[in-house]
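Next come two complexes, and both contain subunit A; in the first it sits with subunit B, in the second with subunit C.
Here is the complex of A and B:
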């Protein structure tokens, strides 16, 4: 922060440089969020403007018998995905790092395959898995299971199975993100630690528990939050896969919000739900800050 | 065989299992898209079609509306990505080169807004766009894409600018060049691979976007491919699964191909971003 008489390379006013970004943050994020809060306490519909303050929408949403089920589904969907995505992402990252260290061929190709699933649009992801989960005898997974003498499985028509299917589809697409984060974190660990462990005769399990896991703790903590928020906000793949059904079996909070606003045209109610989404997302984000703070002191 | 060799075998076994999971949807989609309607009903027995046909692709691509959807998708993603990068460059440059109070707060703020679901901000934006008469105009979607893509672009570009030695800029400053001139003449050209990564990544994310064009564009002819295939899926039946498969492949392919071709560059940008972040 010290400015010398000579022209320091770091001086200059940041304001003009930051103006475009700050303007965008204000117009497209800050003001809309405030407006959502205002709408939540109004009687606005998608077409009709608000006429005054009202807590009717709030009471209607909180009293909606579907809400507990939607929140339950959301928590379950997010929790299972966060666990599964990270276990898969960590396993793949460690396998690729090991493969690269041993100079095994094919590691780049495998990484490319996982990343390819990542860039598939969410809607296409839902449609592709809908085809794979087709319950007819000629459906992909059921005809494959038929060869093994198993099944058929009611992938999408059974409420509990439908949620499992939605998790599988999300896992296929989302694993790449955790893989990249964990790959970067694992590559950042000093290799000499592993050499020392090897000299000490530590086995792979011991090495994983005593070196890899502790040193990747921060990456795992931050990634947990990022993946939670991403999963919380995901709804296009579920919309295309099950539409939230059967019944409300796969209707997560973001999809419920979407349906409330754009199918029921209940803007005030949707704003209440959007506020919930926002609050959950921000609470998780604050958690990142808190986790990073702990790390800075350690 | 040594323990390490056994480890290699185990590595390949695990990767083969995971690889089957990740490859199956692509493989099956290709298989379906190449089948005749009769073969669709044969399930796994015709994984490799007996008489592969390109008719499904021909049917989809001969529909002029489909080409318009692809063009709309490309136009919206590219313009949105370019806008995001353009908005991000000054802020990323300031974050990289200028010492100012609150720099960390700006960077954390940019990270935090990425946690906001587009669904939340789209509710007011829909109403504003309606008031401004911008509904059903591509410009409204491009503007939202620019805003959604900007935060990640700032992070990626800051990392790219950090990697450029400041001495190069100091030399130019001594010669009397102004900061904007230094940025345009020295920093941006040197950061071009970072800029390209940020642009491609924003573009690929825009290509995947469904919600924003679905809500802001009501006319069929304005839709990008992501919205169009959702609509198309509602109209297909079991007898036209092969057409849906072909349509999905066409929708997915541009993003996957671009990403695979440029993945070395993009992934290294993401990894350096992940390490710093």
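Here is the complex of A and C:
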């Protein structure tokens, strides 16, 4: 009779345990990315397959006079959204936690209401806001402003305002995600700390600055990465809301990629732009990770 | 008394169920039929959200397949995003994964034809059928050898709608239009509305103004020439017409945010607009949605031109084409086009047929508006059969948005558009 010693899963080599995950990632993520990289250095169009290696698409895209404007719009759209999503998400999360602590009725309904916006598909979100921003004499928001003696606002026809409108639409939909992350993080903070602060006579601002914010920094860092990448890839709601117009006023990089492939039929050019999106997303992630390296170790 | 009814109902139930099963959400015909045709169609007919339309087409498809019991049609639905859907269809067909038969937007026909994926349907359409097509349609669906590569089964055109209580006489020229619109603004209405946002309708509706002067977008080889020589001056004239409408207040600035024709129906229903540039199909929609009294005020006329003698209107529509090289499947595809869509299907929906004979064959085309549409079609211009057209359209949309919102001058915007189109053309 022999005795076998049972080994814990993490005693041996990790490869067998990691293999399924690596395989799934390789098949569903790495292979498509590599294929996009292959297409980016080819002459492929939607009509003709690639015939060989070429840097023509790369040169054409980098030399496209519209690219600086599109990148500028993208940076502005992402930066404003990321900032606003954090502030709005945090504010709503803290409001809900405070309401729950005081056992105010309707907090669950409020949470559900915020979450409802999150499950709306991007295209539907764009269409909903297109109806609200309608500048016709009977348009919803302008009519409401009219009752208050304000407006009308050129929500979608003015190039600057159209970008603001696109931000508002994205903010309405994306806030729920930030709210969930911050709500979970806030609920994870030991309530004793707040009781002690209360006993010490700390006001709400001091409590927020000295307890809530420091203990939520990791959640803020994670959320920044997630919403940055999410916003960078946003195009469906803008497509439905403005189509990228007027002119190119709301054409962000992801929408420019879509237009390059489906209007120009330029698969290689679209692949170059897709790689650019991938690189930007990765760079943002690494940058935010690096900026918050101290917090991650905390 | 109830018992015999129940027995009769039970006896009829299998037959009724069988009849219903002939048309499902993804199939027409019996599931065990030995031959299969895959058909990618749009959501405007058999699967229309309008129950009356879908029921009428279900009946037509049922009759069609009952006459061909050895066949079943597996249906695949396209979404409303035409550009993306058509690009995907072309890509799949090139890769050998496309359907046997598909609806192809008339503006994309040339791209499909140049890609060599359209299979002849000569067995279905006679020389007389082809000869009866409008010239621009005939040219688009046949090749040099006379093969019928697609069947463009309905067309449409752009016209000027006006509320005759505000604008009694149809404007004939751009100047007339401006004056009529400004008078309407004085009367508290929006003078004239048109598509000015970022979508195909903007470019297509506006192109009538360019074509009316004899402007050309591409040369015989399909290369872009819209910003060269005489075309450049004509292009700038047409842009200046729209720019002047907006800057004078004849058209509201919000036109740069209009990206669908429904906005015009809504304005007509609300009684806020005096005129708009719309599609012929909106006439029927307005008749069904407006109060009869309000509808009586609305009339259609040809799009105004720079002079009363210079007129043009963009013509669109859908075609059906065989993508399978199996002759039997190509034939069946052609028969669907001929027996369902081009005839009774068109008449039911009040769409504009592409052949003269169909107008005489169906009572549905007896209304006075069809006389106007038929007359305006004489000045119809189809989008060029060139693979570069989608990018030209994209650049025109950007150009108009920039000019009408005051971001660029027409000259700057045209130079940028020409440069972008040329770069895209060089890459194709």
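In this text, the second predicted complex is superposed on the first by the 261 of 298 C-alpha atoms of A that agree within 3 Å, B and C clash if a C-alpha of one lies under 4 Å from a C-alpha of the other, contacts with A are read in each partner's own complex, and residues count from 1 in each chain.
Here is the rule we use: a residue touches a chain if its C-beta (ideal position, glycine included) is under 8 Å from a C-beta of that chain, and two chains touch if they have at least 3 such contacts.
Because the structure is a prediction, the values reported are computed rather than measured.
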Ask   = Given the superposition on subunit A, are subunit B and subunit C in a clash or a fit?
value = clash
Query = What is the contact status of A:246 with respect to subunit B (first) and subunit C (second): first, second, both, or neither?
reply = second
Task = Determine, under the contact definition given at the top, whether A:80 touches first (subunit B), second (subunit C), both, or neither.
result = neither
Message = Once chain A of both complexes is superposed, is A:261 in touch with subunit B (first), subunit C (second), both, or neither?
response = both
Inquiry  = After the superposition on A, what does A:211 contact: first (subunit B), second (subunit C), both or neither?
reply    = neither
Task = For A:158, select first, second, both or neither according to whether it touches subunit B, subunit C, the two together, or no partner.
result = second
Task = Tell me which partner A:65 touches in the superposition: subunit B (first), subunit C (second), both or neither.
result = second
Note = Comparing subunit B and subunit C in the superposed model, the one touching more of subunit A is B
Message = Contact-wise, after the overlay, does A:202 reach subunit B, subunit C, both or neither (first, second, both, neither)?
response = neither
Inquiry  = Contact-wise, after the overlay, does A:137 reach subunit B, subunit C, both or neither (first, second, both, neither)?
reply    = both
Query = Which of the stretches 58-66, 76-84, 328-336 or 346-354 of subunit C runs into subunit B once the two complexes are superposed on chain A?
reply = 76-84
Query = Taking the contacts subunit A makes with subunit B in one complex and with subunit C in the other, which residues are shared?
reply = 46, 130, 134, 136-138, 258, 261-262
Note = Note: in the complex, subunit B contacts subunit A through residues 4, 7-8, 11-12, 14-15, 18-19, 21-26, 28-29, 32, 40-45, 87-88, 90-91, 93-94, 97-101, 103, 106, 108-113, 115-126, 143-144, 146-148, 150, 154, 166, 169-170, 173, 179, 204, 207-211, 215, 226-227, 229-230, 233, 238, 241, 244-245, 248, 251-252, 255-256, 259-260, 263, 267, 270-271, 274-275
Contact set on subunit C toward subunit A in their complex = 83-84, 87, 90-91, 94, 111, 114-115, 190, 196-199, 252-257, 259, 263, 266-267, 270, 272, 387, 390-391, 393-394, 397-399, 401-402, 404-405, 407-408, 416, 419-420, 423-424, 427-428
Note = Residue positions on subunit A within touch of subunit C in the complex are 45-47, 49, 56-57, 60, 64-66, 130, 133-138, 154-159, 162, 242-249, 258-259, 261-266, 268-269
Subunit A to subunit B touching residues, read off their complex = 1, 7, 9-14, 16-22, 24-25, 27-29, 31-33, 35-36, 39, 46, 88, 91-92, 95, 98-99, 102, 104, 106, 110-117, 119-124, 127-132, 134, 136-140, 142-144, 146-147, 172, 175, 180-181, 183-185, 187-188, 204, 229, 232-233, 235-236, 239-240, 254, 257-258, 261-262, 267, 270-271, 274-275, 277-278, 281-282, 284-285, 288-289
